[in-house]
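The first chain written gets the first letter, and so on, giving A, B and C; residue counts start at 1 in each chain.
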Amino acid sequence: MSGIHDFTLASARDALKARKISAVELTNAYIDAIERLDGRLNSFITRTPDLARESAKAADAALAKGEGGKLCGIPLGIKDLFCTRGVRTTAASKIIGNFVPPYESTVTSNLLRDGAVFLGKLNLDEFAMGSANLTSAFGPVENPWKRKGSDAKLVPGGSSGGSAAAVAAGLVLGATGTDTGGSIRQPAAFTGIAGVKPTYGRCSRFGTIAFASSLDQAGPMARNLRDCAIMLESMAGFDARDSTSVDTPVPNYEAALSRGVKGLRVGIPREYHADGMPAEIEALWQQGIDWLRAAGAEIVDISLPHTKYGLPTYYIAALAEASSNLARYDGVRFGERVNHGGSLDELYEATRAAGFGDEVKRRILIGTHVLSSGYYDAYYLRAQKVRTLIQRDFLNAYENVDVILTPTAPSGAFAQDEKPTDPVQMYLNDIFTVPASMAGVPALSVPAGLDAHGVPLGLQLIGKFFDEETLLAAGHVIEQAASFNHRPTIHAGVSA
Amino acid sequence: MSYRITGNTGEWEIVVGLEVHAQVVSKAKLFSGASAEYGGEPNTHVSTIDAGFPGMLPVLNQECVAQAVRTGLGLNAQINLFSRFDRKNYFYADLPTGYQISQFAHPIVGTGKVIVDLADGSTREIGVTRLHLEQDAGKSIHDQDPTRSFIDLNRAGVCLMEIVSEPDIRSPEEAGAYVRKLRQILRYLGTCDGNMEEGSMRADVNVSVRKPGEDGFRTRCEIKNVNSIRYVMQCIEVEAQRQVQIWEEGGEVDQETRLFDHVRSETRSLRSKEDAHDYRYFPDPDLLPLIIEQSWVDELKAALPELPEDKRDRLEREYGVTRYESGVLVAEQAIADFYETVAKGADARLATNWMLGDFFAALNRTGRSIEDSPVSASSLRELLALISDSTINGKIAKEVLEDMVETGDSAAAIVERKGLRQVTDTGAIETAIREILANNADKVSEFKSGKDKLFGFFVGQTMKAMKGKGNPALVNEMLKKLLAE
Amino acid sequence: MSLDAKTVTRIARLARIGLAPEEVNALRQDMGSIIDWVEQLNEVDVTDVPPMIGTGLAKPRLREDCVTDGNRRDDVLSNAPDREGPFYTVPKVVE
C-alpha cells in the first residue's frame, strides 16, 4: 500500500470517514510496520495485534453505518503507564512486570469511547523516571533518528521515549504520553514530533500509574499539532474519580489551530538563556521569535526570576511524592514477590531491591530522605514554598503576555553511550520543561529544525491555565513556518 | 477523693490521655465506594482503591465529613472550615498503599470538652484536643497457617474518627467514665455505633505518673488498641504500677508503645527502639484541602438530635425526675425514648417508678434489651393508665406485667381474662370486712384496747379475702369506719 | 558532600529497599551530590510565602455516600503473587 505511512492522524481520519481506506487495512499496515521495525527500536513493551484487529473491525462496522467517534479506526500506541483492562501494564518496571489491571484508565477509556484502535503498550523510563528512556526494565528505546554519517544509537528522550519513537518512526498515528517534568515535551523534541502537556487537571489521572501526583499530566504525542489537538479533545475532560480533575468544558481544540497569532503577546524569558547553551539552540529560539513576529505577534521580554530553582524544587517535590506513591509495590497484592522465607520486612526489602531499577531506587531514597524527620522543613516544605514563587512568576508574566516561547531542551538527542554519569547532569535535560510543570500551566513542543548533526530540535510554548487553544494556535504558526517535513532514518515508509 | 498509687516513696498521681478511634457510621468507605459494613466474606468489601492498586485515586465521602462535623458539634468543639489530609507513611501487611491517609497537621475538629459523671455524684470536665478523620487498616489473620498470615482488606479504608483527649484524666474510673460518655454521645449522634466487640471503638491509652503537686509530665507510654472499657481501666492501673516501680527503683520510663495482655494483666513493649517509626507526613497530593462552609455546619447543627446532657435537663424539668433517675434514663437514646412514650401526658412519677423498677427488673430477668423489650412502651403506658384510673391497684399491676411479659397480651385483656378488675363496690368491701371482723373478734377487742398495729392485719386479711382486688383506699376507709363502730 | 553510610542505610530501611554494601557506597556519593545540589534552594527568601499545595484549580468536591464498588474479589485477588483462598498472604507476622 503506497502512501499509507504518509497519513497523519487527521488525514487518516478523513480517509476513514470517506471510506477510502478501511480501519482493518490501516491497522494491518501499522501492525506490519511494528513487526518490521520494532525489534530494533524497542518502542513497544506489549503488542496487542489481535485486539487491534478486533477493534478495527468494530470501527469499520461503525464507520459503515456512518457512526463512530472522532478517533474511529485510528491506530494509537499507549504509554505503558496507563492501566488497560486485561492488558499487561508494567510501568516499564520488573516489579509489576506481569501486572494485568482489572480496570481501564480514564484517558484510555475516553480514547476507546471515541473508537481508537490500540496497537499495544509503549516503552518508557521505569515509572516515568528518566529523560532518555534508558531506565526501562524492558531495555532502552532507540531513537529512529541518526546523526549524519553515524550509526550511533541515539536516545529518544524520556520518559515517554517509546511513545515518541513509535510516532516518529510511523509505527502509530499518535500516542499517549505523560509529563511530570517534561516527559512529553523533551522526547517530542528529541524525535521531531509534537507533544502537548495540558494544564494540570485537564486529563484525569485515574488509572494512570503515579510518579508525582501533583505534577503528572497525560497528553498527546503525534506527528503534528492538529493530530495532538484531535487526541487531546478525546483524552481531556472532567472525571469525578480524580479529586484534582477540573470541571471545565473541553473546547474544540482543532478549531483553535487556525486562529493565528496576530496581536498575541509572546513572552521571552531572559532567564532561559542558560549558561553554556549551544549556539544552535539560541539560533533556533531566535528563529522562532522571528516567525511569530512575522505572523503578527508582539514579542515581549519577560522575567521568570525563579527559573534556576525549578529543577532542584522539582526533584524535591516529585521525589518526595514518588517515594510515597511507590510504597504500594510491596509484593503482597500484585507484582513480583521475592521471598527468601524470612520476615515480612525481609520480603519487602528483597522484593523492592529486586523489582526496582537503580534510578527508581535512588529517587525513592532521596524522596524518603527529604520527608524524613528533621529534614521535612528544610527540604520539602521549603521546596513547596519555592514552588509557590515559581507559579507566581508565571502568573505575573501572564499579566503582560499570552504565551511564552523557549527552547524545549538544551540539546538535541544524544547517544545512548553518552549518558552523563552524574545524575545531576542528567537531570539538566529537563531544565526548560520543569518550570511549567511546577506551575501547572500547559505547554507544548513542536519540531522547529535540525541541529548540525541533522537531529531534530524543538521549541516550547507555555500558556495560561486552561488556554491550550492559544497555545495550539501559536504552535501551529511555528509549525507552518518551520514546515518541518524531515523524516528519521528508521521509518515505516522507508523500505528497510 | 483523688486516686493515688502508694509506692515505697509515697503517693503517686496518674496522668492519662486517650486517643479513641471510633468507626464512623457510613454506607461506603472514606475514599472509595466499597461497603463500610462490618463483616462480609473476606476481601469482598474491597475496591481496587482500597487494595492500593496502581493508578487508583481517593475521592472523599461527604457523609464521613458530615459525621465528623456532627461529632465535633456534639463535643462542643471548634469546627475547622479548613482541614487537610496528609499521608502517614509506613509499611505494614494490612496497609495496602504503604501510607494511611489521615488529618495530621490540620484536623477538621479542634478543641472541645466532655463532662463525665463519677460514681460519687461529682462531675469532671475532660478536654478534647482534636478530632480528625482517617482510614482504618485491614485485618491480619495469624491462626490459619503455620508460616503465613492472611490478609483481609474489608476494613481497609473504612472511615475512623480519632478523638484525642487532653491529659486530663486522673484515675481509671475517670477514664472509664470518659469512654462511656463519649460512646453515649456518639450513639446519640448516630456517628458511631460504639460497638467495642466489633472494634467500632477502641482506644490508645497514654499513661504517665508523677508525684502529687509535681509540675509538668513525666515520660508516657502508649498502650495500643484497647478494646473494652474494662480493659482501659485495668491497663491504666497495671501500667501506672509498672511505671511507679521503675521510678522508685531509680530507673527511667522509656517512651514506647505497649500492648495490654488482659490474661496476664500486664503491659508489654510492642516495638523495639531501633525500629522507631518516621512517618514522613506530607499533604496527600491526590486530595484537595477540605474546605467546608459555615452555612453547612449550621445546617448540620440545626438537625442534630438532642444530646444526653440536654435531654437529662429536660427530663428533670418536664417529668420531675431526680438527677440520678435522669442519668439512668438517658444512658441510651432508646431508653429515653421509651420512657417519654410511657410518661408523656401520664402520671410521670408513676411512670418513672415503674420504668426504673418493675420494668427494668423484667428486662433483666428476660435478658432482653430495650430495643427488643417484650413489652412495648405503649403497652406499659396502658398498664399504668389502668392503675391511674383505679381499674387495678399496684399490686395487681405487678402480676399483670409478669403476664404481659410472658404472653404478650395487653394489660386490659389480662385484667379481663383473669378478672383482676379492682373492687370499688363499697357494699362488697363492707361485706368482706364484716366477715373478717366477725371471725376475729379477739383481735378486734385488742385493737380497740389500743393495739393500733393490728390495723395492718385487718387490711391484709381483707385484701386476701378479696384476692388482692380491693381498692386499697376504700378498704382503709371502710375498715376505719367499721372498727370505730 | 556524601551522606554517611548509616544515613543511607537508615533511609533504605525506611523505604524497605534492601541494599548490598557496595550499593550503599555508590548511593552515598550519588545521593550526596543530589542533596548538595538542591541545597541551593537555601538562597531563596521564602519569608511569608505559603507552600504550594496543589495548583488551586480544582474545586473541592465530595462524593455521595453510596456503595458503588467492592464485591469484586476475583479482581482484587487476580494479581496476588501468593493467594490463599479469599486472602492475600504474607510471611507470618508476630506481634
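The working rule: contacts are C-beta pairs under 8 Å (C-beta built on N, C-alpha and C of every residue); 3 or more make two chains touch, one makes a residue touch a chain.
Please read all numbers here as calculations on a predicted model, not as lab measurements.
Using C-alpha centres only, name the chain that sits farthest from chain A.
Max centre-to-centre separation from chain A belongs to B.
Give me the ID of the chain with the smallest distance between its Cα centroid and the all-protein Cα centroid.
The most central chain, going by mean C-alpha position, is C.
When the centre of a chain is set as the mean of its C-alpha atoms, what distance in Å lies between chain B and chain C?
Centre-to-centre distance between chain B and chain C: 41 Å.
Averaging over Cα atoms per chain, report the distance between chain A and chain C in Å.
Comparing mean C-alpha positions, chain C is 23 Å from chain A.
From the mean C-alpha coordinate of chain A to that of chain B, what's the distance rounded to whole Å?
Comparing mean C-alpha positions, chain B is 58 Å from chain A.
Which residues belonging to chain C are in contact with no fewer than two other chains?
14, 16, 53-54, 58-59, 61, 63, 72, 75-76, 82, 88, 90-91, 93, in rising order.
Would you mind listing the residues of chain B that make contact with two or more other chains?
48, 51, 53, 59-60, 91, 93, 149, 151, 278, 280, 285, 288, in rising order.
Do you know which chain A residues sit against two or more other chains?
Correct list: 99, 102-103, 214, 240, 243-244, 323, 327, 330, 332-334, 344-345, 348, 368, 372.
Help me check something: in the complex, which residues belonging to chain B touch chain A?
It comes out as residues 48, 51-60, 87, 89, 91, 93, 96-99, 149, 151, 278, 280-282, 285-288.
For the complex, give me every residue of chain A touching chain B.
82-83, 89, 91, 96, 99, 101-103, 105, 205-210, 212-214, 240-244, 320-321, 323-324, 327-328, 330, 332-334, 344-345, 348, 368, 371-373, 376, 380
Quick check on the complex: what are the chain B residues that touch chain C?
26-28, 32-35, 41-51, 53, 59-65, 84, 91, 93, 140-142, 144-153, 259, 270, 278, 280, 283, 285, 288-291
Once bound in the complex, which stretches of chain C touch chain B?
So the residues of chain C touching chain B come out as 14, 16, 53-54, 58-73, 75-77, 82, 84-95.
In the complex of these two chains, what residues of chain A are touching chain C?
Against chain C, chain A makes touches at 98-100, 102-103, 199-201, 214, 240, 243-247, 306, 308-309, 312-313, 315-316, 323, 327, 330-337, 339, 341-350, 352-353, 356, 361-362, 364-366, 368-370, 372, 379, 381-389, 391, 422-424, 439-440, 465-466.
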